[in-house]
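Chain nomenclature is as follows: A, B, C and D, assigned in order of appearance, with residue numbering initiated at 1 for each chain independently.
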Amino acid sequence: MKIHEYQAKDILAKYGIPVQPGKVAHTPEEAEAIARELGEPVVIKAQVYVGGRGKAGGIQFGDTPEQAREAATRVLGMDIKGLTVEKVLVTSKIDIKDEYYLGIVLDRKSQAPVVMVSTAGGIDIEEVAEKTPEKIIQQPIDMRWGLRPFEALDIVTRAGFPSNILRQSAAILAALAKAFIESDANLAEINPLAYTTDGKVLAADGKIVIDDNGLFRQKEYATWAEPEEANPLEYEAKQAGLTYVKLDGDVGIIGNGAGLVMTTLDMVARAGGKPANFLDIGGGAKAEVMYKSLTFVARDPQVKGILVNIFGGITRGEEVAKGVIMAQAELPKGMPIVVRLSGTGAEEGRALLKDAGLDWGKDMRDASEKIVAAIARTEKGL
Amino acid sequence: MKIHEYQAKDILAKYGIPVQPGKVAHTPEEAEAIARELGEPVVIKAQVYVGGRGKAGGIQFGDTPEQAREAATRVLGMDIKGLTVEKVLVTSKIDIKDEYYLGIVLDRKSQAPVVMVSTAGGIDIEEVAEKTPEKIIQQPIDMRWGLRPFEALDIVTRAGFPSNILRQSAAILAALAKAFIESDANLAEINPLAYTTDGKVLAADGKIVIDDNGLFRQKEYATWAEPEEANPLEYEAKQAGLTYVKLDGDVGIIGNGAGLVMTTLDMVARAGGKPANFLDIGGGAKAEVMYKSLTFVARDPQVKGILVNIFGGITRGEEVAKGVIMAQAELPKGMPIVVRLSGTGAEEGRALLKDAGLDWGKDMRDASEKIVAAIARTEKGL
Amino acid sequence: MSILLDNTTRVIVQGITGREGQYHTRNMIAAGTNVVGGVTPSKGGQTVEGVPVFDTVAQAKAATDANASCIFVPPAGAADAIMEAASAGIKLIVCITEGIPVVDMTRAMLVVREKGATLIGPNCPGMCTPGFGKIGIIPYQIFNPGPVGFISRSGTLTYEVVSLLTGAGIGQSTCIGIGGDPIIGSTFADYLSLFEKDPQTKVVVMCGEIGGSDEEDAAEFIKTMTKPVVAFVSGRTAPAGKRMGHAGAIISGNTGTAQGKVSALQAAGVPVADTIFDIPELVKKVL
Amino acid sequence: MSILLDNTTRVIVQGITGREGQYHTRNMIAAGTNVVGGVTPSKGGQTVEGVPVFDTVAQAKAATDANASCIFVPPAGAADAIMEAASAGIKLIVCITEGIPVVDMTRAMLVVREKGATLIGPNCPGMCTPGFGKIGIIPYQIFNPGPVGFISRSGTLTYEVVSLLTGAGIGQSTCIGIGGDPIIGSTFADYLSLFEKDPQTKVVVMCGEIGGSDEEDAAEFIKTMTKPVVAFVSGRTAPAGKRMGHAGAIISGNTGTAQGKVSALQAAGVPVADTIFDIPELVKKVL
């Protein structure tokens, strides 16, 4: 789960990492009030779930509260990579002398969080990794210990941080590792770690991604979930407990099992269609889940037809068929549905579908071709 | 540092360990009010830093708020092993079916906290260890991991806890280990862990001893320090930063280095005297520390004379002599002082002492014999 | 022969008293698996599906001499269950649980590696060896003994492809669903190495998907193998940055794309099926 | 010869820029110790008492080939400093710091043991080998080279007894203050075993005190030794349950009494001095 910069900084501050004082504002007036409260020049930063907001104009400055309001007026409502800016972080402007990078990312290969540290801060670390990998020091964390202070010190020293900021940087890195582990993070990044002209070392920007699987015990962070402007349906699906990803085609797709659904998307694409979504109903779904999934997928206005692909194991064919039939009544009139059922209860399910006059495919390929053809026919008004 | 049962239970509760609701009372009226608030029969438990309070009558019951007040009246002010009861814990009475023991103690030999678990709860675990050691399961904690849930489960299972309480007991034990480690404890004990007739598993009593060396980072617990009734001087010494232990003789003893002071006590005893205290001024003490130490030791009304034994290394003899001379003016008139100085600055120090008319010993034995003799002379009015 | 599961395998089920645990224990027994006991703390002494329940894995192992475990413990306790099994000396651990926090898995893997255990999963359907039984939730009836070793990151997709193989008259030696999480106990390369040594297995089918670089690593390993491998990769139409159901199925930047995996496999000389329907034919070609 | 410290020993000082660190570095160098560098994070590049300061032990070791470290780091960071030294491959670590939380020491000892390092202390005066120098804060001028190996839990008491020995014309091979904390890197038995193998050492004097059972363990070891041992135990008048200055000097129940230790040592055939003044004579008897 992505969280905003201001939320990431709240977590960092909780672990003792210095950040500029600041607050989030939803209106220019709030931004002005916060700037007045801070009593110093501020920076207004768009809070959106994408990178590159600086280049897009999502970071602006205000030396006075009035200027802060004006800057917030420009930034709020701005479109950044398809996302509308609905809130800004109003925070003290700092005078940065040098920028460094501290990051921790879950690494599949070492099966551990890996610390990444570089003196090349303030820029995209993936770019650094690609062009000048020697500028990044990487080290997996021994999860029995966490990152011990002397290890953090050794890492920033090896990364070539200047001697005078080693102690502070190491303390921040060790705290970042603690925050990562205790917050169930997949990624925790301070970029840049700023060394200011007045000799402070602080997290000028922070990014944390929380492991969805950890949310059950990260109760505070779980409440931070919010709809991504660009994908309101995905947010609602998550709230409804559905594993749904919005895509930009017109063929709604529902199946059981992530790999099967992904393969179904590929198959539909192969048949000349464009998948509108990914929806995995998981194992052992009952008719209600099928019903909910179909009606949910149909809420996407781009969807012109729906393919249901079920390989029954724990999931029973009759239940799937019942759910589809229940849902059909509520779907837009004439919207094509093709169901493919095999495995447990497939015979019974197909019988039910037949009675309800629903189309079915004999296998994934057949079903994919049928739904693509059906949508094409509907489009032509046939 | 010892803490009271109610404080230990606050810590346990913070780690999710079930305890009875309750509050501490300083007066019978407070006890009555707490009993009324709890709205059920209560037990009144003396809060003193010694064991065996039950046998001493320090635990009494009250089925009504009025009875609670009466019970508190009996317990408050009671003397238990030389300590006056100044507060009581007023807590819900529970109906215990079975009692178990969970403890964690720092073990020097394994250099780790060792978990000790027994079905023989409610009684002194040292007695169990002596008479029926096979009833105790012991296991050191791997400090890289802490006590993991499955290890806690394995321990309570091996200890022979009944199956139906294994899950809860293991969760409590794992939480106790976490509390131990994170609180810088030397000892953390739940005795008894009670299995109540209504099927609950909870910590009916709790004991935690905090490592003095950890107090700098256990800021909340550090504020819990309070004078032990029997040893107000020890409490004050700690507040003043002096390493002081009250004993029950009449020869005040001050030295540098714990081993040296202990040996000095032994030597004074050998010379026929009885040490009044242990006071280690540590390394590199200045005249002010010496002065403070002498005047502090003299505050003990039992003290009839003072022996100062310094082997100078970083500690300089002149500083010691200056401190003694400064203090002398404020000590009871005629109180004998014998100083023994050797090592760095011993010559200079002795010269100063001589000028001030103070007695000195050529070595530890000589000085010990001199102070014992001097006190004997003073006693006889010579 | 086969890999991992054979007639010496004695299985316990951790979380046996739960709905899932009980249901699949019944199925495993029906498939011929030698399920010798189960574990649920505070439920020791009960009997489920005719096998005794113990409070701890250590007790179960002592009483039954189990050497494998199947875990149906909920996410919050599943990593602990893995550590318990490995610490008790269980050498084959199959963890079905989906949704384990990844931080927990980083810890559990330290123990699994230290104890020299093999972990399949988590977030996997388990494995089966036709003729000997299964550990996990794979539908056993779709299998036939035969020469194909099968490895997949997915559950139902596995069943689809196995059905196609069986329908085409091609049987399987052992089938493993390796799990859809970012951190899993064993990867394609680990199982490929076992199949390479297994006399029964003549060809290996691996079904990969987007995310991570296990397929690329497998491709490297395949270059050292004598046995042929046929592959399929799903998620060609998946966009970057989206978690496609499996926690591990996510393209990060340029890492983990289906095209990258297909290219790596092809570079290792592996025929990669365009659709799953092409798999039986590719297998027949190399058999 | 001697133990632990000889002419191959190259010492760094962790916490060299602090008041204590700097002062004792000067004294160590004056005693002839080969101090090759110091470590204080964020102070790298400075020079203290003529030796270079580094930011980390790893850097110091790489630059100076140090094999021993003396730690003057404050309590909050001292255990970390021990782990840093051990992890960097330093084989002899002397930790002077008093007041380290015991929980920190339980962790540090895991690393010390894993890395095969020898830790003296913490909460100790360090050690010296007359003729080669010292690591720590022991006043070097009271020593003379000779046949007595000396081990003590105390600081100033050590100086007292060594002065008595030197005054009686008896010199020392190596002297070690093992530390007054409940958890220390090495115990009497560890050092006895080194002295047993050291050709220079003819007799060992050990000064124990109340608390723990290291003296009892030493007594067991002494039964296996060929060299004579003379002992002294302080704290005969100490009451139970009181911490006598040293965090480790506390009698718990019946454990850790002076009488128990004296009895155990006597049972192992060790002459135990009644007062420290009897020690030189006892040593002369067995020399």
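By definition in this document, a residue touches a chain if its C-beta (ideal position, glycine included) is under 8 Å from a C-beta of that chain, and two chains touch if they have at least 3 such contacts.
In this text the structure is predicted, and so the values were computed from the model without any measurement.
Peer 1: If you check the contacts of chain A and chain C, which chains show up for both?
Peer 2: In this structure, the chains that contact chain C and also chain A are B.
Peer 1: Could you see whether B-D or B-C has the larger number of C-beta contact pairs?
Peer 2: B-D
Peer 1: Return the distance between the CA-based centres of chain A and chain D, expressed in whole Å.
Peer 2: Distance between chain centres: 56 Å.
Peer 1: Hey, how far is the Cα centre of chain B from the one of chain D, in Å?
Peer 2: Measuring from centre to centre gives 28 Å for this pair.
Peer 1: For chain D, which residues are shared contacts with two or more other chains?
Peer 2: 107 - these are the residues of chain D that touch more than one other chain.
Peer 1: Which chain B residues reach two or more other chains?
Peer 2: In chain B, 144-145 touch at least two other chains.
Peer 1: Which of line, ring, star, complete or other matches the graph of chains that touch?
Peer 2: other
Peer 1: Per the touch rule above, enumerate the chain pairs that touch, sorted by label.
Peer 2: A-B, A-C, A-D, B-C, B-D
Peer 1: Please output the residues of chain A touching chain D within their complex, sorted ascending.
Peer 2: Within the complex, chain A contacts chain D at residues 145, 148-151, 153-154, 157, 163-168, 170.
Peer 1: So in the complex, which bits of chain C are touching chain A?
Peer 2: Touching chain A from chain C are residues 75-76, 99-103, 105-107, 109-110, 137-139, 142, 152-160, 163, 180, 182-183, 207, 209-210, 212-214, 234-239, 242-249, 253, 274-277.
Peer 1: Show me the residue ranges of chain B that touch chain D in the complex, using the header's touch definition.
Peer 2: Residues of chain B touching chain D: 106, 108-109, 111-113, 126, 142-144, 181, 184-186, 211-214, 216-217, 243, 245, 247, 255-263, 265-270, 275, 278, 280, 283, 311, 313-314, 342-344, 363-365.
Peer 1: What part of chain C is in contact with chain B in the complex they form?
Peer 2: Counting only chain C, the residues touching chain B are 41-45, 55-59, 77, 80-81, 83-84, 87, 107.
Peer 1: Could you pull out which chain A residues touch chain B in their complex?
Peer 2: Going by the criterion above, the answer is residues 144-145.
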